[in-house]
Amino acid sequence: MDDQQRPTEPPRADGVTSTRRLEAFSDGVFAIAITLLVLDLVVPPREGSPPGRLAAALAGQWPSYVAYLVSFLVIGIIWVNHHTVFDKVRLVDRPVLFANLALLLVVSAIPFPTHLLAEYLTAGADAHVAAAVYSATMLAMGLAYSALWLTVTRDARLLHEDVDPATSRAALRRFGLGNLFYLATIGLAFVSAVATLAVHAALAVYYCFDQLRTGRAGRGRD
Amino acid sequence: MDDQQRPTEPPRADGVTSTRRLEAFSDGVFAIAITLLVLDLVVPPREGSPPGRLAAALAGQWPSYVAYLVSFLVIGIIWVNHHTVFDKVRLVDRPVLFANLALLLVVSAIPFPTHLLAEYLTAGADAHVAAAVYSATMLAMGLAYSALWLTVTRDARLLHEDVDPATSRAALRRFGLGNLFYLATIGLAFVSAVATLAVHAALAVYYCFDQLRTGRAGRGRD
Amino acid sequence: MDDQQRPTEPPRADGVTSTRRLEAFSDGVFAIAITLLVLDLVVPPREGSPPGRLAAALAGQWPSYVAYLVSFLVIGIIWVNHHTVFDKVRLVDRPVLFANLALLLVVSAIPFPTHLLAEYLTAGADAHVAAAVYSATMLAMGLAYSALWLTVTRDARLLHEDVDPATSRAALRRFGLGNLFYLATIGLAFVSAVATLAVHAALAVYYCFDQLRTGRAGRGRD
Amino acid sequence: MDDQQRPTEPPRADGVTSTRRLEAFSDGVFAIAITLLVLDLVVPPREGSPPGRLAAALAGQWPSYVAYLVSFLVIGIIWVNHHTVFDKVRLVDRPVLFANLALLLVVSAIPFPTHLLAEYLTAGADAHVAAAVYSATMLAMGLAYSALWLTVTRDARLLHEDVDPATSRAALRRFGLGNLFYLATIGLAFVSAVATLAVHAALAVYYCFDQLRTGRAGRGRD
């Protein structure tokens, strides 16, 4: 039985496992969702449109490019922050798997509101509806992310030993702030769809900065 | 030849290998199948529909959202349970690779019956056909999962040493029960398509709870 | 500098690296190609077709289901055999990376001839063209696979030490045989498209059995 | 706390982590982008076209095949070079994550200009616009790649110890040369779209050769 060393680690008795496969599956979903966004960039049909009009047709698609960029940034940043969360995690249990699945549900749905907003951004009254759906998706994403963080930090044994649960809770409050902003953008959607998209771009930039600096004590280790 | 330590482990003489690549490939297929579901959420075409009707058009697509949610939950739970199975597995051989491939065949096909059911859920007689196809896919998935579990537990050397094959067989019986339910939903499809979808949602929730608690003895290890 | 142990292994001076990322990237391409096949299963449009005809419409799509199954089996088996090849490989260099890329080019293209054959299988003269394109793709796949095997076995240092290059060459001859069969199916395509698809299914089953048993001597190791 | 050994490594105090998840996520995006290219190979519609014309219809799609091949080669080579870069990298920090995300943004967008160029390659004046968009995407890719290399080599602690930053800078100059070529192809696009595509194929072959041979000194290690 000496060839057991290298293969995958045996499971613990209570269903708690390492983060390896959760990360692999999540990375897959993030990678696919972020890459499927490109399917919303539609090549103008060649048949039936007058020759020499391609440049104008492409330029007229600017809402698609902007929505593509913002959604790419949003999913990319969720991935970076997902990465940051699970760097602090040592082991996962079944509640963490399902909280993570809820986040992935929202992430994998993002191409839909993105396409919707790109299509209707310049459509008058319907633009407000499309922007509100987009904002609601971002709110759902923020809530799912907070719930995941809450699930992960509920049990200190799941975390690496140098992560301080108390400071982690402070990070959670900063997430809550972001969620309030997302909530506000649902209202903003009924004022201006373009402004809503701009605010989502700004919020994405806000999240570029590490919101999880948990003031770790054990600086001196490795 | 001392630089052989770190790279991938050499294969065993009889084609038995670690679970690493099987898990990576499976995670990929699960991640793609679950993310491709979003392609069924169709943006209502802007051309040719009266302005100001987007909210109503989106609301009219409720079968798509429900089918999306149920199928996401189903694939997500199969993934969690796949994860739980291979936590108990130490090594895989060729029969396991093919039993796993059969499960992936069904998983990767799920977007098709999902789309079918979303399209026809409110279509009178055709709704029954669509719901029966959906139920048959779930039955195929359950059978493939049972077959995988049977293949994995047929040889104790493939399992981590603290997994008890006898108790594992008990877990298999519980799977069999789920398969009977899936079989029944094929009949139910001809009564009510909506009720069929609701039952599949309920079965997914049933599978949320770990059906593989195999009463492991070796609690004290690692 | 003692924290260098765990992270990724440093590269060797001559660009030779472990198989880890090649396998991860390949697993991704295989997983996506095999899952994209489902996009060829088209839901019959509800608008414009008479109610109560869904079952008949689905039954009329049988070429799609058969082509889906055969292509799934083909890609699945290439993956299993790819897995078997790289189990024997210890290190990869740049030529191996590009030989692998050539194989992935063919693998990722398979959804196209699959869709083509499904669409034209019952189309008289055009069925022969579609079947010939399908067969040519399988031939390209077989040749790319042989080329990869040739590239990998050209340098014993790339292989695990217990792999015998001489026996490996014998395995290559068996691949060559398969390629002759693929070549023959191009001719067969002009006789019968359906028979061509049946032969590809049979060839896939032939490859289910491990064609890489290289009569390894070092049975007693681990 | 002795079961902490095997699971994922704890994070370092300053948010610096191993390259593992960055590589997994990137491999996913590369794999998906390269596989999505196949969606541009469109099966000629069977309805409405005269029987016996499939071969001619397929032959008429040659721009799609050429664009597919060139883009596959381009993405494949970026992946190989991405692989080569991160073989030299020991640890990543947040700036590297975002520089990598910028590269992935361009990579995941490549199916769009590829489809555009395939559709318009033979379209007279519009062909120039399509080729210019394709060239601009390649330039963006080259710039993002240079920026990533710059970010990675800005801090010697991120690199494996036997990588010489000075020589690495020389490699960067060779990348800069490639970017000038990409810039020139934007001009060339307005002369000939076909020639532009040919030059991109040639540039891809140029990048097949390892542009990162950094004249490493520490040959004798492992």
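As written, the chain order gives the labels A, B, C and D, with residue 1 at the start of each chain.
Simple rule for what comes next: contacts are C-beta pairs under 8 Å (C-beta built on N, C-alpha and C of every residue); 3 or more make two chains touch, one makes a residue touch a chain.
Owing to the predicted nature of the structure, the values given are computational and were not obtained by experimental measurement.
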item: Degree value of the rotation bringing chain B onto chain C, based on Cα positions, nearest 5; value: 90
item: Residue-number overlap at the chain A/chain D interface, same or different (half cut); value: different
item: Chain C and chain D, separation of their C-alpha mean positions in angstrom; value: 24
item: Between chain D and chain B, distance of the C-alpha-averaged centres to the nearest whole Å; value: 33
item: For chain B, residues that touch 2 or more chains besides their own; value: 3, 12, 24, 28, 31-32, 36, 39, 222
item: Of chain B, residues touching chain C in the complex; value: 1, 3-4, 6-8, 10-13, 15, 17, 21-22, 24-25, 28-29, 31-33, 36, 39, 94, 97-98, 101, 104-105, 108-109, 111-112, 115-116, 119-120, 123-126, 129-130, 133
item: Complex interface listing, chain D residues touching chain C; value: 9, 12, 18-20, 23-24, 27-28, 30-32, 34-39, 41, 43, 46, 51-55, 58, 68-69, 72, 76, 79-80, 83-84, 86-91, 160-162, 208, 210, 213, 216, 218-219, 221-222
